[in-house]
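Each structure below appears as structure tokens.
Two complexes are shown next, each including chain A; its partner changes from chain B in the first to chain C in the second.
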Partner chain A sequence: MNEILIAVLILTGVGLVAGILLSYFSKVFYVEEDPRIDQVENALPGANCGACGLAGCRDYAKAVASGKDIPACPVGGPETAKKVADIMGSEAGEVEKKVALVKCAGTTERTTRRGQLVGIHDCRSASLIGGNKECRYGCLGFGDCNEVCPVNAIHIYAGGVAIVDPDACIGCGLCVKACPLGIIEMVAVSRKLHVLCSSKESALAVKKACQVGCIGCKICSRKDSGFIVEDSLARYEGTENSSDAPFVCPNNVIVDTRVYSTKEFIESASAMEHFNSEKETYKEKERQEKAAAAAIAAEKKKAAAVAPKEVAGKEKDEVVPTKETAQISSVKEVDKKEEKSDQISDSTPVSNSGKED
Partner chain B sequence: MSQTRTFSGGIHPAYNKDLTSGFETVKMPLPAKVTIPVSQHIGAPANPIVKKGDVVKTGQIIAEPGGFISSTIHSSISGKVLTVQPEEHPMGQKVMAITIESDGEDSWIDLETVSDPFSKSPDELKEIIKKAGIVGMGGATFPSQVKISPPADKKIEYIILNGAECEPYLTADHRLMVEDPESIVKGLEIISHITGVKKLYIGIEVNKQDAIKKIEKVLGTNGTIVPLEVKYPQGAEKQLIKAITGREVPPKHLPMEVGAIVFNVATAAAIKNAVCEGKPLIERIVTVTGHGVSKPGNFMVRVGTMVSEVVEFSGGYTEDAAQLIMGGPMMGRSVASDSIPVIKGSGGILVLPEKEVLTDSWGPCIRCGMCLRACPNQQNPQLLGNLIEKGLFSRISEEKLEELVLDDCFECGSCTFVCPANRPIVQFFHMAKAYFRSQKRK
Partner chain C sequence: MQYLLLAINSVLIGNLILSKFLGICPFLGVSRKVSTALGMSMAVLFVMALASTVTWVLFYTLLKPFGLEYMRTIVFILVIASLVQLVEMVIQKVSPVLYEALGIYLPLITTNCAILGVAIDTIEKGYNFIGMLVYAIFGAIGFAIALLLFAGIRERLETSDVPEAFKGAASSLIVAGILSLAFMGFSGLVPG
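Moving on, here comes the complex of A and B:
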């Protein structure tokens, strides 16, 4: 009994002394730390992915608490941004969640292959020798992006093209850095139209290499001005998300993610069939519209032909002349310029030489 | 003849040189079309100065150097410029290239011949070499005018000509030494005149006795021929210096650090042609070899000729031809297509039949240490290779990398050759180097 008592007493004594010392020193050596750091850190997703450019969430929280002007956490999206803003007592900026997109739809059967890769099977290595596809911008499909993805959101299916699952993607952007070809892009989730091609080669080279390559024909940009064609490659930057745009593309490069997921669009044969039939319907409709428009135009032409000639003559007079004719007319009119000056505007001079003659 | 000299490390691959070494070099007929890349050398690409539709003569400058370490590019035939656009390059990427359609006449520009090159000042000669677009023809393609102008604080004691040709299969340099020793020796004398160096050496592996005899006869007492042991990579710059002078080039430094400059024998001949005959570098000897071509041989080929045409000229592919390699089997690059041009650095076109191509998968490192013994640089391929395989290289700091001297590896492939697990060790290095280069660019 005695031994037990002694042990308990000793331990209690040590505990008391240690406790007093600890509480004393914790007061003396207290490090002032912004309490908001912890709060901000708790509000963050906690994936420690490094997408913000800092070493993990704690670092980011410190940076935010110290009042640095850094972009909002790309993974957390607007909710996190709002929470962080509430803690910091500031206004949350506009944050839109972004997800990764592999801009290539060139599956094995749709592309021309070159050579057979022996040795190290990864994208970085394959890109050194120009890849195994004729197209230098085609997804190599060895999965360097998949390897770095912290949430396993990238998969390579039978087609041999990396496809990002937009629901699983947290938008950290690590795959963008990992891709040696630079064909992965972060796109806002509100964007529904995507050009699934990265090839900046000429139309001829693209045609030779791939059935589903962007040839830079600019037909899409006529349909929806949000499409921008540069270096013989289209990209979508608009907000209109015109649902007709995918149908006008001659090579089926544009995907409308409201109708098909990227995975379906690239991998699924039935989805492609559905798309093609939709496209056919659209084309048919367009043809009919065109025919109708042509019929109306023909009608109008007829009407114009039978219309009295004076009307036609008047119309002719109002036609804006080219620069040269304008100059000629202005030379001819040089004498009477003062009288007529109010009629001749600087920007679009109206010719009335017919009347002069 | 003194005893043979060599370096430590190295390997003994099957040489297979007798496929081509016995046959005289054949001049290939003019190609109908040439595609000349503006980047055929180490350093900045040249800037094209011709445009579509221009008429050019053989030897006319079509691209000017794009920087200090760069080179001039000339038209290798006379005719009309068809296109100036990126084309497939032997190195795998697409590079700006000038395509010229031949008019079949091969009319040259007016050549400025110099009967006595030793009457010219070194600076004049350097200018001629620069204008002629001479680059190292052993494969590294370092612009010669840069190599020949060492900084003033580096005292150069040795000029070494590299006639080792240690790369298996290739015999282009061997044939050149046998057929035109005069040009090589004259070129060496010109280099000696420019640099003022009097200790001249020519290193030749002892398996080329006929070449040693021919050069000896022409060289006389002007220089020394050093017979070298037959071992790969005997012709590598630093290994050659070690064998001949006994000096070791420190890691991360150029040979001039130990007072030596090394030129390939073909470069010396090209310098002679440029200086004495005014001819720019527009053609070179290419060994077309391997059991995948019908009639292997050495051919004098104009720069820009398509590889497919050269192979066609040497009898075409055999039925079981499987792999096309630009260069030799050790340091050459496997290419996916034969519609690529022959460039200044292409010493060989090797076609391997199916049974000689290695397609085995590779296994984990068993730490046997054979690669350490084979490495001519005394590096540690095993450790480096494993680090890179595990993807750790992206986490190695810059300083750590310098400690590991990955930069010093010249990718001779000896480690890969001896590896019993078939590990693509040199390919790992190649990949990691490219990765660090791209990081540096960022």
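Moving on, here comes the complex of A and C:
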């Protein structure tokens, strides 16, 4: 008992003496530092992630205080930039907070496998032999990104695809470097539409490998010009964030993060069901709108056609009636919009054409 | 005579880095430039002499009388950590340039096993006070020689045409191995 007491006392004593001496000498050897360094450091997120390119938040603060022109802290976002700027008495540069996004939705059941992977189970090794998925751009799901994430914002759920939790992500970008396939991207938080695919393969190869791959059909770019299709792969760079865009994609590759989180969109069957029913509704509406638009156009054409009808030649007469039948049918549609457009367009032409004749 | 032999022994034959493999971290970390290597060596020399003295005194006045020899590692770590803090403050005040140059490696002296290794070694080998001082100072000089040699070679490597596969760390480690091999040649210098 005594021995333990002595041991504890001596260790505590040595520690105490060392502590007292240190605090004394820290006063003696106090170095005048720019007080702004401390202020800036306090304003920073303090994650010491190194995303700014410096060794840590302290180094960043020093660099800022010494007047170096360095990019704003990518983690802190505009708030931090403003705070830092206030301390330094300068203008804050515009900085938009970015979070990581794994651009792949190819869960196990949606993708074709090349075979069983035997060997070291990490993405780096797996990517050397081309991965275990048919798609070369498909998330391997061994979690190299998760490994480097300082805040544990990346998870791999049942689908075997890495998914970033955008609320937890601090935007350090380490996972982007860690991913051997390069399918993680930093995206601005204001961007709500994302193409969850990285495959630059041709449409045929994508179809073979994955049910949810981008085939580069460009339908989305017609809906929202913010979509850019290159190398048979779409990406979104617009600011419009058209909420209809996800519905036009034939392979359901586009997620609208205002409606579903990426996790729900990739993992949850009920979310998919919901999305599909929404898509159906949208398609229905679109069909009706198209019909309505066609009807209005027809109306105009008819009005225009009535006047020169007498002048028109025989050949034209033959064509006009058939066209008009369709047009008339769509006019009716507008009147009873509740009715199914299919039925109308299917049934009416017959009767109409009869009338016309 | 006895101390001279001890000095030669600790500089060349029992070189801390190249034959005892202590302090590899700064050996590889701050050997990019001769100037920073010199700064690091001086910091290590200072800390090593100071730490060994303090730990030696502590051991023989405090630990041994109370029969607490088994506690030496933890007490030494405590002492060394505090000393490094102190050295850091002093250097920051006296030479900000050196402070900048050493950067992260200065606090890393805390975990430099060469320091703790020497402190424990002096106790293990039962040196008296002067023996301990000679061992610590010349041990640090041996550390400095190895570090400076290595830094000099690396500076040259930087500008020479190294095959792609050997660039950077690979060639550095090979050089370290060859350097260690060369120091093995001193082993017959002191008989016994």
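By definition in this document, the second predicted complex is superposed on the first by the 264 of 357 C-alpha atoms of A that agree within 3 Å, B and C clash if a C-alpha of one lies under 4 Å from a C-alpha of the other, contacts with A are read in each partner's own complex, and residues count from 1 in each chain.
The rule we apply is simple: contacts are C-beta pairs under 8 Å (C-beta built on N, C-alpha and C of every residue); 3 or more make two chains touch, one makes a residue touch a chain.
Source: prediction; values computed, not measured.
In the overlay built on the shared chain, the residue A:G130 is in contact with chain B alone; chain C does not reach it.
In the superposition on chain A, contact of A:V31 is made with chain C only, not with chain B.
When the shared chain is aligned, chain B comes close enough to touch A:R114, but chain C does not. Look at A:A298: by the touch rule set out above, it reaches neither chain B nor chain C. Of the two partner chains placed by the overlay, only chain C lies in contact with A:A18; chain B stays clear of it. Contacts of A:V8 after superposition on the shared chain: neither chain B nor chain C is touched. Within the superposed three-chain model, A:V151 lies out of touch with both chain B and chain C [touch as defined at top].
Of the residues of chain A, not a single one touches chain B in one of the two structures and chain C in the other. By the touch criterion given at the top, residues 58, 62-63, 66-68, 71, 74-75, 78-79, 81-82, 85-86, 89-90, 92-93, 96, 103-104 of chain C touch chain A in their complex. Those residues of chain A that touch chain C in the complex are listed here as 3, 6-7, 10-11, 14-15, 18-19, 21-22, 25-26, 29-31, 55. Across the interface of their complex, chain A is touched by residues 88, 92-94, 333-337, 357-359, 362, 391, 424, 427-428, 430-431, 434-435, 438 of chain B.
Interface residues of chain A facing chain B in the complex, by the touch rule stated above, are 114-115, 118-120, 122, 124-125, 128-130, 132, 136, 147, 180.
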